[in-house]
Amino acid sequence: MDDLTVEKIEQSRRDRKRSHSLLAGKSRSYPHFLELEKAAFAPGELTSKVKELMALSISIVTRCEPCMEWHVEQAVLSGASEAEIYEAIDVATEMGGGPAVAYARFALRSYEYFLDRQRTSGPHLREAASD
Amino acid sequence: MDDLTVEKIEQSRRDRKRSHSLLAGKSRSYPHFLELEKAAFAPGELTSKVKELMALSISIVTRCEPCMEWHVEQAVLSGASEAEIYEAIDVATEMGGGPAVAYARFALRSYEYFLDRQRTSGPHLREAASD
Amino acid sequence: MDDLTVEKIEQSRRDRKRSHSLLAGKSRSYPHFLELEKAAFAPGELTSKVKELMALSISIVTRCEPCMEWHVEQAVLSGASEAEIYEAIDVATEMGGGPAVAYARFALRSYEYFLDRQRTSGPHLREAASD
Amino acid sequence: MDDLTVEKIEQSRRDRKRSHSLLAGKSRSYPHFLELEKAAFAPGELTSKVKELMALSISIVTRCEPCMEWHVEQAVLSGASEAEIYEAIDVATEMGGGPAVAYARFALRSYEYFLDRQRTSGPHLREAASD
Amino acid sequence: MDDLTVEKIEQSRRDRKRSHSLLAGKSRSYPHFLELEKAAFAPGELTSKVKELMALSISIVTRCEPCMEWHVEQAVLSGASEAEIYEAIDVATEMGGGPAVAYARFALRSYEYFLDRQRTSGPHLREAASD
Amino acid sequence: MDDLTVEKIEQSRRDRKRSHSLLAGKSRSYPHFLELEKAAFAPGELTSKVKELMALSISIVTRCEPCMEWHVEQAVLSGASEAEIYEAIDVATEMGGGPAVAYARFALRSYEYFLDRQRTSGPHLREAASD
């Protein structure tokens, strides 16, 4: 509410949905991107949980907030624990230094936001649609 | 309004104007940057439209929101069509993966914002001043 | 107030404090990061002021807003003048082009915010805790 | 020969071919990436030439040498002139500053390499396979 | 030998050792960086293998060749299989697009180099010293 | 000689000269870039030495090898000491983590190369022409 970070997270979720429809209708590359995404995060030798934590650590190092917000949710929906989130942040810190620490804040706020939301509205399934 | 993305776009426009005056008065490099910018986007073998779409695709891949907001407007003012905007996003998606898709959302919201603004206040000319 | 950039700066300050406690309690890498940070910015052959200006210029080129907001404050608390801030922006502009100019706006707004705050609440000492 | 840049370009071409076979056989995401790439660079409202020049400018700003080497060749095979290559470098310079100028050197060497190669071995068709 | 990529890998290994001694003797931040690194990659809720694969995927997306060369070796020494390496590349591809595919080539060459080396000189233990 | 890093440094120097002539003749943005560069590094409230060290730290964090090779030389020609070079690396390490440590190796090799060259061929003046 009076917290801009929560507003940012919620706006990011709305903009993702909105753009998803637009891109699905008008972009030629988007359908292939969605296939690529599905293939990349499907369970294989590595679980989807590990892959989502990997994407989270990349998102922190590359300072991509909408990516963090998405992948932290997907990581939790795939079974990631709090300790595992912090360890993904450890690796991101080693690979990104101070800016990674600074962006980990948004990842942590997104994590907290998602847990709150789960508490009030019940568990969710992993959704389709891109980071 | 109650939409943070629109607020962000409008704040970006205000901050650009404000900093333009400050930098014009106090920075030694800024005047040369403005010359460089003018030279880079002037029509040559490639039209200004193509150059602005190029800058838009770079802005998406490098995740620069104020750059997107500026270059999407300049692209439209230079005659870019909706389809061309989407094709610039296609190239950015190939060159930037998921984070490019995530930031293309802001480019699309900026595009929409600019069209709305044009509808209510009449056509504009390409302005001077940097991305 | 009705200015989103100021809100963003203040939110960034709140999120830094909040995450600092969380990371101090739960992250294994964070204590070492804090030591690394202290060593990197301690005065040596280069003054802390120069090191903070250096970090500011890196923050602008890498488009890290929370980093800018932090290092601009640290630079001023270490004695940086307005002219020195502008010269750090000059170097960032040379090394980052248009996107650096675009993100320098946030650095300038943070600078202005910090001066205002100093005027109303008296001088501050350099705080501990990361960018 | 005694020129490391030419060696680098030729090694990049060999490594592309080699990895293409490996990834085609063992990666799940790669086939979708190839589809995405094909969709992104297919002629639409923008020609393939413009799209390749766009990718070239992104490659320069993001400092991706194998990408430059590939997209400069594809741009030429799609009909790009020398002047158009230089204008893509202009836009990259505005969007990337000094590092873009520094990496444009590799783009120019790749351009020269490709023209030489065309002169000695006759014209080529645009090949399949990724940047 | 006549392969520049192998030369590059071997030079990277020599330069790592050489700089390690220099930095250990002359840098104030380096000892803390080494502590941070140790903490980040120590087994916790996530195994060292997963953390190294995570670092590998970050290295590919951020186009850091010496990082790839190091983390691919550490991943294998921590027990990563070929399939797991390819899945880390899948995630990097989704998060980095074409440039990630282009840099994955270096990761694959490094992987191959390391396997060859292991075959000829026997198994190695994970070494200390940074990426 | 049999050291690829030295070859890389020398090739970078040759390619800089070569591209300088080409860009000076054929690029519209380049002359303005050179003016911008001159303004950015001219002594002001900060010395050229500090500005070059700043650019060096940015080059390390952004992983730009030709930039490092250039700015380390300019830093030394402006009077930077070994200790100051290491402190610029400290700041880069804090701002860039492991990849900054990895690329600092190239900065250190370039520093060593330049000192060797100075020893054998006598002192040089700061040259014109870009990073």
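Going by the order they are written in, the chains are A, B, C, D, E and F; count residues from 1 in each one.
Criterion: a residue touches a chain if its C-beta (ideal position, glycine included) is under 8 Å from a C-beta of that chain, and two chains touch if they have at least 3 such contacts.
A quick note: this is a predicted structure, and the numbers were derived from the prediction, not measured.
Same residues or different residues: which describes how chain D and chain F meet, taking over half shared numbers as same?
Different-residue interface.
Of all chains present, which has the mean Cα position farthest from that of chain A?
Greatest centre separation from chain A goes to chain F.
Go ahead and align chain A to its copy chain E using Cα positions, then give the rotation in degrees, nearest 5.
Angle of the fitting rotation, chain A to chain E: 180 degrees.
Of all chains present, which has the mean Cα position farthest from that of chain E?
Of all the other chains, the one whose centre lies farthest from chain E is B.
Measure off the straight-line distance from the CA centroid of chain A to the CA centroid of chain B, and report it in whole Å.
Comparing mean C-alpha positions, chain B is 26 Å from chain A.
Averaged over CA atoms, how far is the centre of chain A from the centre of chain F? Could you give it in whole Å?
38
On chain F, where are the residues touching two or more other chains?
28-29, 33, 36-37, 39-40, 44, 55, 59, 62-63, 67, 83, 87, 90, 93-99, 131
State the interface residues of chain E toward chain A in the complex, per the touch definition above.
Listed in rising order, the residues of chain E that touch chain A are 36-37, 39-41, 44-46, 50-51, 53-55, 57-59, 61-62, 67, 81, 83-84, 87-88, 90-96, 131.
Quick one: in the complex, what on chain D touches chain C?
93-100
Hey, which residues of chain A end up touching chain C in the complex?
By the definition above, chain A touches chain C via 3-5, 63, 82-83, 86-87, 89-90, 93-94, 97-99, 101-106, 108-109.
Which chain B residues qualify as touching chain F in the complex?
The touching residues are 28-29, 31-33, 35-36, 39-40, 42, 44.
What residues of chain D sit close enough to touch chain E in their complex?
7-8, 11, 15-16, 18-19, 22-23, 26-30, 33, 37, 55, 59, 62-64, 66-67, 70, 130-131
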